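Both complexes below contain chain A, partnered by chain B and then by chain C.
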Partner chain A sequence: MTRLFAIILAVLALAVPVSAQQGPLRIEITEGVIEPLPFAAPSFVAVNADAQEVGADIASVVAADLVSTGLFRQIQDSAFISGITSFSSPVEFADWKAINAQALISGQVSTDGNRLVIQFRVYDVFAGQELGNGLQFAGTTDGWRRMAHKVADAVYSRITGETGYFDSRIVFVSERGNKGDRQKGLAIMDYDGANVQLLTDDSSIVLAPRFSPTGDRVLYTSYETGFPRIYLLDVGSASRRVLEQQPGSISFAPRFGPDGNTVVYSLATGGNTDLYRMNLNGTGQVRLTSSPAIDTAPSFSPDGSQIVFESDRSGSQQLYVMPATGGQAKRISFGAGRYGTPVWSPRGDLIAFTKQHKGRFHIGVMRTDGSEERLLTASFLDEGPSWSPNGRVIMFTRETQGSAGSASLYSVDITGRNLQRIRTPYGASDPAWSPLQ
Partner chain B sequence: MKLGTYISGGVHVGFIGWLLIGDIFRSEAPEPEVTDISVISATEFDAMFASSAAPEIEIDLAQMPAPPTEDELEKLVELSQDIAPELSQVSDPDLPQERESMPDVTGLQLLPDAEVSLEVPTMAMPSLDAGPDIQIDNSPDSNPREAPRIAPIPVIRPQLDAAVSDTVTEAAAEAEAPEVVEVDEQDAAPEEATTEIVTEAEKPAGAPTSVPIPKLRPQPKPDLAAPEPSPEPPSLDTTASALADALAEAQSVDEAPSVQESEIPVGPPMTFAETEALRVAVSSCWNTGSLSSAALRVTVVVGVQMAETGKPISSTIRLVSSMGGDSDAITQAYEAARRAILRCGAKGYDLPQDKFGQWRDIEMTFNPEKMRIK
Partner chain C sequence: MLEWRKQDNESRKMKLITKTVLVIAALTLAACDQNSRFDNPLGGSGVSDDFADSGLAASNPASPEYFRQFVGDSVLFLVDAYTLNASARATLDDQAQWLMDNPGYTAIVQGHADERGTREYNLALGDRRANSARDYLLSLGVDAGRVKTVSYGKERPAQLCSDESCYSENRRAITVLVAG
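Entry: the complex of A and B
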């Protein structure tokens, strides 16, 4: 009886008119959907015959960049009702609405000898409006791929409101050979795995390369002399020099400061490992920590005021934050398991880390005060996170189990979605993402 | 008189005297049971009880076997379960013989759990050129009709002796096949959506890898009172007609209102159910997946004017107000809200026609608080 009464009341409540309405009808929407945004990217119109092929290639790279984010979904050309035959003609929005394209990328390409010019526009199909103004990039035909990445960055920025990360590169450790006898060398490639180039030979072990804030130099650790030493490598010329060398000490885990002239690193002397900083020219060395524990893996905050690092001073490996000039360190990780390799997000709001718990490795993120910890991945061995320039994606190393196991690069969105493997010709580990070029 | 008294008195005295003297009330006492006992001394008593005391046992813990571990206990339990109790065969001819024909169940094993595919099969979209459209009335108030076993219309028997015409008719040329425009329905259809983010680390082993496809929303009931006559007979070229419909639908979103102010039916206020239906409809197209984290902190109020058909008039969509974020974030949030209103309103929202005056102007507040990356 009571139930019947409740049902009657509920039905009546639904049918009762909302209180007398004054002005427009008002509703509040608090929940939506999270799904890739469908877009159309027809081949860029070729102004001259020579540009025909590159026009299709550019549209293809732009689409691949957007799709790789997991935020967009490409509508295949076969679904198009009408294509783009002229860059200057008005867009038939109804044709694109009919196939549910919410964004349209229209462009044209012209070549003149070795010179390549790309013009493009982005449209909000359902609003029937252009998003921003049209843009034009000019360069050489050899650089068409990088220009396509720039177009994709612009499109991504106009739709999401965030800067892109497609025109960026990855420096990493290329690994060849069996697990017990791997040959490692430094290599560099585009963010999507294209244009792989070796920066060093694989005669000695190299570890943990890190880009400078300008993207033209790389710090890394090498066992070239039999002991780990920090090297500074110029990406353009591949020339390098030893950055830090103290007799009887071991230096490793270097990372640039946000000004590009400061380096923070670990130095092991007399069986104790502490953090130091110095200028890039080798002067001004300052000891930042002085605990009997192992302090390592330092990373600057984007404003350069703080450093996050890992230490076992509490008995287990945990994360700590201290002022960039040294001083009192504050522990920020308190979950079960061990935490390591912290990296501060370019946005400054999150810290990525590696976590080992119950025999599994995770890549996770937490607030800079240690709150809101979220684990994004789980596998036999995940480690070494590196942030994309816009702080939206994390790239890391994943190693498979067993004697035949190999290391590969993976990327994952900070929401934990869109886990993807980055294709490399050989095994790969220790990725470091460059800033936007 | 006195004689009688004397006689009576004498008789009574005699009777009482006989009772007293004649052993009338005497009873013989039973003979007591007699047991032979013997007297023992205290020394003999102690000696007797000392012989019945429990023997003392010395336990050497070192030689004791270790208690079974949990694993051994589990094995023991398993072994005890595996060993069936030995039953002596009872040969009783009176027992029913059916027992001998009982099935041997000792070899039976529990069946493993049946594999259940958690992937919801995706209904393949029918090809546009697959054949003529079949209208299926799925409305709840439509009763299925019984299929007639006998055709209601008598079939005219074909003439066996067909007459040959005198006029010669040329063979019909094969009609030119209409140009078929292939539309990739799968590409155009929206993908499944979710409001919950489960990372790889949180995903349990064996979790479904696909998201169940949401049920189709019920379409508004057709107006049975005034059915619109179909302007043209259905064309066999379904591809062209589907495209035409899609284009007409896409173009009709922008149509301007043609209703005079005085003709607008105001009607009673909207019910909660009616406004809730509108809210749910817009929500299903509000895609926050491609929004920046800054835009996800912006709440925008978007105003829109609706046509009488329930379709939003795109030129009237405007940003009324916003809260939080910079101008770029506000712009992104507003554009996502505008896309939501226009996309889901392309076919017209299910709104009561008699209350057009109530929903002609709508202000929608898009609050992404629950959609932020936590």
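Entry: the complex of A and C
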């Protein structure tokens, strides 16, 4: 189902006078938060009776988004002294201070047929004033979750100074069945696990999907022809086509270039795996590496000038950076262990990777020159990191051991905190995070 | 799985008699360890389905069932490795002989890896293993056009436990026969 969605942003006139003092309501994420910031998000006030349920639902999703970051703590409705009964009335800050709700999100919803309008404000309670401007979103009622995520993104952004990441989607592999014979199909969902939809059936193995820079298409690997080959799929229509079909070869590990029209990938032929790039229409194929080593898992820098990839040319899997046109590759990983699946952060500042050492797997990050390596997780099998649109959270696959082992999706903050499992209907692997929609 | 050492032609005849005796004996035994055989990647049901688990089928030296049970369709590898040890070469010697004796079949060599590695690397490693076996078959005289390769990386383990006893069985190249 195509989701057409129009958002109109309007700046609302301030309902309360601005005080001269600037509120100190701020979370600096990089400092490693000690105490989550307490907030209150009462149900959005319903202008018409039909909007009551969605008003409560929106507030719930906003609150869940903020709490999921590990940076915020929700004060439940049962603790409220007074509530928000009218969106435009002055706020009784004393009542919110008394329950230590340092941030207050107040909102209003109205529906008219399938049209939905949301307005909201954020208050710095202890400064007794609004934080930023009120905003309005309008769209169709079936887009209410996306609007709630946009509200949460605005709140998060005002308090942390960072861009949000809640109005985003995850494409992943949904998997079922016995470990020796997994049935895998492509699926897509909201970042919080809602609205799961299948993009392919599970009649042939599919692996490692990746979003285009605009989130409208996905590159992935499929065994539909009986051999691993790279495919391009349109998310809206779920139509797909194979990009490469050279007999005597297999292709895999595709990723988009930042222009959205090129693909970098691995091609294995005659027992040797190298990196290639080409236009999505199949023209302009260029071989990027020519070593007898395995060169795979390429990822572009956000500015498109470089590619990070893994290679075992030194004798074990390590990370290398080379110009996007090919050429001299510089090794950037030097710790003990094997490094793979490198992914360049959308902020350009870090590279996430999978590391294997002494029988354990880790998700880690390092600077793009290889310095300041930090491991964020450890388990029997963690692999395949993907960045949130704001470069602050990483999602990955965790697989449990044994014959009954299964895979699920997890996320972790780049400080290593707030490890969480993402609920999916079945087993899940190989997540890729979309850009902000 | 029965293993046969490489021998000269004289003892090969003797070997065939011995094999026939053993085939008859095998008919009364429980089925050999059957790795799950997923769909033939070139489409179709795969020749082996025609013969199912019938022990009688394996008594025919020109049957894929015989190939699987008595020639041996599987060679194993060490961690991260794709070189063939003596046992692997011996099995492939017999595979090559069978293929040359039975020109009505082609083969796909599937390369596999254990789960202790990342997904893309294991695809590439499986490809190395499949090609290692294929190159050796070709070096013995099997026509290049008769042998294809595919990699399944870590996607289709033969054994499911998470220790070396299973991993060693999963680092493998399997030769699957295709009629025609």
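To be clear about the criterion, the second predicted complex is superposed on the first by the 404 of 437 C-alpha atoms of A that agree within 3 Å, B and C clash if a C-alpha of one lies under 4 Å from a C-alpha of the other, contacts with A are read in each partner's own complex, and residues count from 1 in each chain.
Rule of thumb we're sticking to: a residue touches a chain if its C-beta (ideal position, glycine included) is under 8 Å from a C-beta of that chain, and two chains touch if they have at least 3 such contacts.
Not measured: the values here are computed from a predicted model.
With both structures placed on the common chain, the touch criterion links A:Ala127 to chain B but leaves chain C unconnected.
Within the superposed three-chain arrangement, the count of touched residues of chain A is higher for B, of the candidates chain B and chain C. Looking at the shared chain after the overlay, A:Arg146 reaches neither chain B nor chain C.
In the superposition on chain A, no contact is made by A:Arg240 with either chain B or chain C. Legend: residue contacts after superposition of the two complexes on their common chain; A:Arg277 is shown touching neither chain B nor chain C.
In the superposition on chain A, A:Ile205 makes contact with chain C only, while chain B stays out of contact range. Legend: residue contacts after superposition of the two complexes on their common chain; A:Ala94 is shown touching chain B, with no touch to chain C.
Contact with neither chain B nor chain C is seen for A:Arg169 once the two complexes are overlaid on the shared chain.
Chain A meets chain B in the complex at residues 13-21, 23-38, 71-73, 75-76, 78-79, 81, 93-95, 97-100, 102, 124, 126-128, 131, 159-162, 362, 364, 372, 374-378, 412, 414-417, 419. Remark: chain C residues 36, 38, 40-43, 82, 115-121, 123-125, 127-128, 130-132, 135, 148-152, 155-162 touch chain A in the complex. Listed in rising order, the residues of chain B touching chain A in the complex are 181-185, 187-195, 197-202, 243, 246-247, 249-251, 253-254, 268-273, 275-276, 278-279, 282-295, 303, 314, 317, 328-329, 331-332, 335, 338-340, 342-343, 346, 358-359, 361-371, 373-374.
Residues of chain A that touch chain C in their complex: 178-182, 205, 207-208, 221, 223, 226-228, 248, 250, 252-253, 266, 268, 270-271, 273, 294, 296-297, 310, 312, 317, 340-341, 354, 356, 359, 380-381, 383-384, 399, 401-403, 405, 430.
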